[in-house]
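All remarks here apply to the structure that follows.
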């Protein structure tokens, strides 16, 4: 269709197509409003579409992000259709600045699709992080776990289908579906809040399953607003806060001159000195990590994996217990 | 302890005590800030605590609520500790204007407590409402459902405990717990947004289980801010919107004079005329319902049911799979 | 440009064109995302664009609005460029659910444009409403007021220009500009929150000047999402809440049968009875007002008044004190 | 009064007392809910008040802030009564996560109090920052500015008083009051959002006048939640983000070992190399600034400046044009 609205070819290319995530989930970009030029337009409160060069827009977008002038990024909006296990949905919904319409299990019949972790994701409780995972579980334990999951899901699905058959209220019939059951929603959010969501959810400390969704969405943001995406990687995602005491420590090691920055020859700060300055053992480990050269992650989508809406819809419908709708 | 803050004896009486809801849930008021006088103070932007009469405060509070001047009600804050089945938590969390800290199943061990609907709550799918329940299911079906639920929960709890024993990451071990599993959170919200929550959640169209929580909370609001509570019952909860066409219909039936309001003798508007004016069959049924004399619901708490924090904590801890923490 | 996004011809027709409001203000729709079909799509959590009939979409949109299912309306987004006097901006900004980028008087030079009320808007303090206006001021007083305003603005503008000439910081130079000075911003909001804004701001109790802006925006909403707009007029704007006691009063005057609704012959409720039931004198006046047949307001835009972005930009730039930028 | 709520003596000491800011403004803490222990209680979703040691609470509060686990900080709430010039109010209100009730100039008579910058604040437009000030204006220009301001305010105040005398609607009479006129409001916000506000508003790039308010509020936060305050100074206020490229630069200058961190001997990164790595000239200046040893600012309140509510109220009432209320 014809429109006078700002249009982004790289976004149009994926619009309405479904990107698979995990075994039965997906993310689809279903609508967008604005791009990097909308950020500039709002920051300048300018008239009309503007005729600025990309390099000027890039400079402004980077300046705004570096200095936490985040309101212009709120002027870009993205809307997604997503399917995810309920335990992922429960983490995701904690981001309150989005609009959400979820499939209602009171009203609709739920597709009986459940998330089954792959062997690589079946890991032990982390010792260091206390809420993550690390180290592989044994293959035998994994095999047993899969067996138990399959039996549980079979029983839960049977109970659900049986209650529907008995005409029990759907809001009651669903109460023993496991949190691995897939749900789905429409999710709309502005670019500023989306990038904040992504910073938290592509983070290795987030549960791996929600990271997978965040990575797919990051790849879509890269297409809708590439300059904002690049600034986010440079100034948020791969940025690390240098705390007051850490700045103090670093100022003893590094100096600056007109020609650049340089190491103060022979300078060092011992672990004891860092403890004395107020850093806990954990903070010292964190500082060491911050001083590593950073990665430059990429979130490019593999377009060959894209599916059509019809295809995905058919899979969902088939998974609904039949003959009750 | 001594404080210069505004203090409400009826709220202090229940502070930190746990009110049971459903079979293993609870709501406890754990903190509050302000009462009806804080609403007045903010509306008047006044200095100091003020020495206004209760009748003046009542008049202002009622005027503000009637005219949707809701910002002064944001000046009162309440904080609750609550435990509810996950399917209730998922409905509750949709209210985005609250602050929430939920027990993390990635970090903590989950108590194996599950919601079991009583016979009276085990109903058939509603025909009229499409997302509710109506009519009793047969006792035999209920008996079968209870059996299935018990088996499912036993199996899900066993699998969870076994994975913990095998040191599987908690965030993985929990993925097949059913949505009937109890979770808990701290929940803080201002009075304005809380009353909006209550309007939606004590409503008969909300799922019965969340209604139970909303009724308990309404009883607590009645103690923290009784004038606001009364105004909410009169102007929100038991108020009904009279739509444009409904006003048109009513104006043909009723007239006003200096002495009061009266029925226009012989006036009637037929179903056909209402259809012609634009009301759908469903809207006509809704109008008839609105014209009934309203109830005056009460949400008085039964204080004899209150439990201590220690008692409730002990029950929760006992339900956690043992020997793994 | 070509897009796969949902496009609305009536919205495209006004996109980027500037609608004058007051003497120097404007509202321009600069972008939009979605229309009534996006409300339906989210409510159904459906795949793809759908092929539902307009009458089905209309029925759903009306049902959702009537029953306060407001989240699907959040799925439509509108963005405006607006210029308004600062005292209007200060009322407007109280709606916190929008994104705003305002012209910064710390960074930019302010156009010296001031709002001058027309004779018809120059009214006396209202006795009944306490914050509105009613009754005309005398022509002589208006004449004097205009003279004083002109002198004040001349002096304030001169002081501003002089300080800029002396290179005083802009953030200081502007502190004595009057609140009648025009400012401008980009303003983005979803349809649900926009309709709430409009309900409050086209209301006769809002200050007349902000009503003018709200009416222009209502005319734009009518073009972007006509079914939602119509449902808003019927179920929000021209709806009135019937309070608990008012329902009680009405139930004594009106009864319903299978054939429709009718007046109870001879029924009346006297002012004394209404007082006894708990209605204040003010509430009795409010009830009488609610029982009048409602208006059906229209917010059609007069497209012949539209101006181009270039034209409006030129007027603004000319009003900036010269030679300092 | 007696309360079972958590009470903070250092906060009680200032409760309801008015701290002067600028020439006629103030900030008063009028209520609070919770303290550092409420942050811990929510993070742990714990039962009852807990008996943890301060050092444990401090460790948790610092961990949470360092890792951006901000939701537990939302569990503490503070309420202030503030008076500030309108141009400050317009910056302040941009923080949308607070509850606000402002004195209405449609309903109330405005005190004729205006902000007059002191000589030290009367500065030139900044060259580097584009929206700040730097360098002193000449005494003569300041003298002239004061004269112009006094004349303008006299004329604006006279016009306002005259219109009130002529019974012109207050909402009209006030439209030529300058943005230096003081307004006031009740402002309630949770600790998380308050600390974010403070980070932005005690920043040297904020307008100096709003910094003054932020500094007074920071001193109050220090009394309500001292551990959160300390963590905020260390991890937010005096923290600086180290961007992706900056981390890369630093990793060439510094290395870590089991004994601590040390300068890589002879290592340097020239300005040209930094440009080549993607840093703009402005970013290079920013990096140099970040590498300075940080300050440790203090926001201790001078309690001897505190005024009583009665005293402040009397000053405000005297400034209202008389005989019209």
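Letters A, B, C and D name the chains as they come in the text, with residue numbers starting at 1 for each one.
Please note the rule applied: contacts are C-beta pairs under 8 Å (C-beta built on N, C-alpha and C of every residue); 3 or more make two chains touch, one makes a residue touch a chain.
Everything quoted here is computed from the prediction, not taken from an experiment.
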Each chain counted as touching chain A and chain D at once: B, C
Assuming a repeat means more than half of the contact pairs shared by residue number, which candidate in B-C, A-C or C-D repeats A-D? B-C
Look at both sides of the chain B and chain C contact and report whether the same residue positions are involved, with over half shared, or different ones. same
Distance between chain B and chain D based on Cα centroids, please, to the nearest Å. 36
What is the distance, in whole Å, between the centres of chain A and chain B, each centre taken as the mean of its C-alpha atoms? 31
Could you check chain D for residues that touch two or more other chains and list them? 71, 94, 100
Between the chains shown, work out who touches whom and classify the graph as line, ring, star, complete or other. complete
Considering only the defined contacts, which chain A positions touch chain C in the complex? 1-7, 12, 15-16, 30-34, 38, 41-43, 45, 47-49, 71-72, 74-75, 77, 79, 81, 99-103, 184-186, 188, 190, 309-310, 312-313, 316
Give every residue of chain D touching chain C within the complex, in rising order. 85-87, 89-90, 93-94, 96-97, 100, 104-107, 115, 117, 121-126, 130-134, 137, 141, 144-145, 148-149, 151-153, 155-156, 159, 162-163, 166-172, 174-180, 207
Would you tell me which residues of chain D are touching chain A in their complex? 59, 62-63, 66, 68, 71, 94, 200, 205, 233-235, 237-245, 247-256, 258-274, 278, 280, 282-283, 286-288, 290-294, 296
